[in-house]
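Pasting the structures in now, so scroll down.
Okay, so chain A shows up in both of these, paired with chain B first and chain C after.
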Partner chain A sequence: MIWQIDIMILTLIVICGVFAISVKDLLGAAVVFGAYSFLMCLLWTEMGAVDVAFTEAAVGAGVSTVLFFAAVHRSSRQVKARVSGRLLYKWLGLVASGLMGGVLFYASTDFPDWADPASPASSHLSPHFITQTLTETSVPNIVTSVLADYRGFDTMFETAVVLTAGLAVLIILRLGGCRTAGPVREKSAAIQTAYKDSIIRFVTRMVVPFMQLFALYVIAHGHHSPGGGFQGGVILGASFILLAISYDLKMALNRINEKAALLLANTGVLIYAGIGFLCMLLGANFLDYSILHRILPATDEIAARSHAMLGVEIGVALTVMVIVMVIYNNIVSNGTYEKGL
Partner chain B sequence: MELLLAKYNYWIYAVIMMIGLYAMLAKNNLIKKIIGMGIFQTGIIVFYVSIGAKRGGTIPIIEHGHGAEVHEVIKALDYVNPLPHVLMLTAIVVSVGTLGVALAIALRIYTEYNTLHEDEILEKIND
Partner chain C sequence: MSNFFIATGVVLCLFMLLALYRTIFGPTIIDRMMGANIIGTKTTVLLIIIGTIYGRVDMFVDIALAYAMLNFIVTIAASRYFAHHKNIRAEGYGVLHYTPTKEADK
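For the complex of A and B:
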């Protein structure tokens, strides 16, 4: 907690936010929004939220920016300078946001001081998590143990929400225009013909295996260091997005086509829920992992919770990886899977 | 100065949410509205993570080594509050889902009306 850095970053964040919505070029706005996310990432690290910072770096600054690029590439980057008859909306927006800001400022006088160790949020439930995690689950990363075990029910439905978002994108773009053309199956032309981006393609070819290895490390080592299923899944998805950008979309689709992608996404949620139902079959509550020591060899009740968390994280990673890819592929090709960035 | 330190995070989160709400209401371009939505979401995340901060606390990963027994008693005051981190971690991942759906809707509107500007879309709908 270094308050000088805190104040500096927060001030920069406000400046970046104002710029992001006032720049007259959508590509520029997307870049400023990426910078805004990186500043957020610094802010989380400064406040000790390393897992959140990791997620923000992978999702907010990485994938979101690429999605904005894809959408702007598919539509137009111009913003009309001045429009008549919008004055009413401007005043309405100012009044509404002013009202909300006034209420929030007024409410902030009742909040406990920032970083106060005795604040109500830090004095009821969280001490139990902090002091008991190691003895109850043998997982030192408290965020992972709360995410996958203590609040496992919550996380299961968050994963389902991510799956739903991917399906919604598919329905809107792929089925929305009543296109009947199936997914592209032909061999990618890029591999044989083009030497034009050979430096970028060479670097991508070298980097992608290490990216995927790192993603697997992030998933598997989430018990002991920042990381876990969400972050590792997004990095895995980003490696395929990198392939799709530097080669072309067909190359990435040859690796994982739409059918396999959707199968994997559903498998991820199924793994999560399946572990929960397995606990029920053995006679415990839904997602009460400690009962799994009966079927996992050489584990006691505590180690069983740790191992089951790894299984759950793998399910989360599968779903997130595939959904990130599906969203990118559909937005960049406007649902046709024909031409990417 | 003390007041500034104690409340600065809470003031800034209000300002960020104001920026986001203004962009969502007043901007004419759909992509700008979506950026405003992203800014609004991060405002809420700033609020939650600020609640979790703790003076003198370190990151919520308990110090450990290979095979070493934990002899010291773990004190809750030594670690920042992990609960808001968990909630916001999943919120960030869900935010990329909402962003994807929002951009998909904007693209469908673009293919239908060939513009991303709200006033032109409204004109074409009313025609």
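For the complex of A and C:
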């Protein structure tokens, strides 16, 4: 904690948060929300939670604001102000949320101090993780080992939640939604050929390979540095979103079409659960990776845990990458997959 | 040396405050985008500075790299958006100047 920078960042975050909900122009609100995400990433870095900061960086810079833009593109940019609602309900809502906020503030006084070594969270399991992770799993980054090994069951269902989110978007927009492209006047052919975006397209062609290489590095190097399946998957998905924006939706869909996308998304979860079931087949508990040294060549029980974590991270990355793409494609084309931004 | 980096970080935060003013009140969406972009650039630098203060730059470089690679996607998305929709100002753009019209009530 560096208190000088800390105070500055916290002040900026409060300002940003207040105005992100009070700006009436929805695009403006999306942009202010993006700035809020930058500041949150700084705060987490500053507290030493590097992995969380990395997730915020990948999602906040690459995906979430773009998704807001796509949603505004297909719906409306203005807030419909409902001034004519019953005043009583408004006051009731204000009182209820004020009470709730007061209760939460009161409860927050019971929290232990920041980084208090005697707090319950850091006195039961955390010492074991901190002291034993390297000898038990040979993974230097404790966050990765807790995420993929000690708490592997949670992470498996987090991946399933990501898959479910993508499926929900598919069901609402692709299957059930309206079949029109939404309230967007499509560009006429004359305007379309008027600008060819050669600079943007050239830069995209240059940058996307490096982006994907960097994403693979983030996935594979998550054992030693911040990063892992979620972050790398989001960066991979963002690279495809960049392709879809700078060329068009067809171009990105030619790379990974809908069928392949859904197959890959399910494969990701299958890899994760499959590794778990493989452990069961070999006679250990679900997701107890150390038994895998029997089938992995030239590994002992400790190295097997490390290798199995990499496999699990790859599964997570596959699912996250594809679901990020699917959500963007559906929102930006209103489920028709015809015209993007 | 650490004091120097802390001072640099605080000054960068102050500059961020200026950019944040443009992001929040900037009359058109272009001003907001510019402000948010500047905040993003300063975030990249601040990440490295914080890493230097903690003495673990290798942990923080990856995050800064991710920002450097992903930060321009939003700008491209915005330029595409304004190729479809020509108006830079939305109705009722400002925070302070917004008055709901009669049609908005319906």
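The rule is simple: the second predicted complex is superposed on the first by the 311 of 341 C-alpha atoms of A that agree within 3 Å, B and C clash if a C-alpha of one lies under 4 Å from a C-alpha of the other, contacts with A are read in each partner's own complex, and residues count from 1 in each chain.
Keep this in mind: contacts are C-beta pairs under 8 Å (C-beta built on N, C-alpha and C of every residue); 3 or more make two chains touch, one makes a residue touch a chain.
Everything numeric here is computed off the predicted structure, so don't read it as measured data.
Chemist: Look at where chain B and chain C land on chain A after superposing the complexes, then choose clash or fit.
Modeler: With chain A aligned, chain B clears chain C, so fit.
Chemist: In the overlaid three-chain picture, which partner chain does A:Phe111 touch, first (chain B) or second (chain C), both, or neither?
Modeler: In the superposition, A:Phe111 contacts chain B only.
Chemist: With both complexes overlaid on chain A, does A:Ala238 touch chain B (first), chain C (second), both or neither?
Modeler: In the superposition, A:Ala238 touches chain C alone.
Chemist: Between chain B (first) and chain C (second), which, if any, makes contact with A:Met1: first, second, both or neither?
Modeler: first
Chemist: Check the residue A:Ala71 against both partner chains and state whether it touches chain B (first), chain C (second), both, or neither.
Modeler: After superposing on A, A:Ala71 lies in contact with chain B but is clear of chain C.
Chemist: After the superposition on A, what does A:Gly48 contact: first (chain B), second (chain C), both or neither?
Modeler: both
Chemist: On the A-aligned overlay, A:Tyr89 touches which partner chain: chain B = first, chain C = second, or both, or neither?
Modeler: first
Chemist: Return the chain, chain B or chain C, that is in touch with more residues of chain A.
Modeler: Greater contact footprint in residues on chain A: B.
Chemist: On the A-aligned overlay, A:Asn330 touches which partner chain: chain B = first, chain C = second, or both, or neither?
Modeler: first
Chemist: Examine A:Leu213 and indicate which partner it touches, taking first as chain B and second as chain C; both and neither are also allowed.
Modeler: Once the two structures are laid over each other on A, A:Leu213 reaches no partner at all.
Chemist: Could you tell me if A:Gly17 is touching chain B, chain C, both of them or neither one (first, second, both, neither)?
Modeler: The answer is first: A:Gly17 touches chain B but not chain C.
Chemist: How far apart, in whole Å, are the nearest Cα atoms of chain B and chain C in the superposition?
Modeler: 5
Chemist: So chain A touches chain B in one structure and chain C in the other; where do those two contact lists coincide?
Modeler: 26, 48, 50, 70, 72, 79-80, 83, 225-226
Chemist: In the complex formed with chain A, which residues of chain B make contact?
Modeler: Those in contact with chain A are residues 4-29, 31-32, 35-36, 38-39, 42, 45-46, 49-64, 70, 73-77, 79-86, 88-90, 92-101, 103-108, 110-111, 115-117, 119.
Chemist: Touching chain C in the complex: which residues of chain A?
Modeler: Those in contact with chain C are residues 2, 4-5, 8-9, 12, 15-16, 19, 22-28, 31-32, 34-35, 38-39, 41-42, 45-46, 48, 50, 53-54, 57-58, 61-62, 65-66, 69-70, 72-73, 77-84, 184-185, 187, 191, 195, 200, 207, 210-211, 214, 218, 225-227, 231, 235, 238, 241-242, 245-246, 341.
Chemist: Which bits of chain C are touching chain A when the two form their complex?
Modeler: 6, 9-10, 13-14, 16-17, 20, 23-24, 26, 29, 32-33, 35-36, 39-40, 43, 46-47, 50-51, 53-54, 58-60, 62-63, 65-67, 69-71, 73-74, 76-81, 83-85, 90-95, 98, 100, 104-105
Chemist: Where on chain A does chain B make contact in their complex?
Modeler: Residues in contact with chain B: 1, 3, 6-7, 10-11, 13-14, 17-18, 20-21, 26, 29-30, 33, 36-37, 40, 43-44, 47-52, 55-56, 59-60, 63-64, 67-68, 70-72, 74-76, 79-80, 83, 85-86, 89-90, 92-94, 96-98, 100-101, 104-105, 108-109, 111, 113-117, 119, 121-122, 125-127, 129-131, 133-134, 140-143, 146-147, 151, 154-155, 158, 161-162, 164-166, 168-169, 172-173, 176-177, 224-226, 230, 234, 320, 323-324, 327, 330-331, 334.
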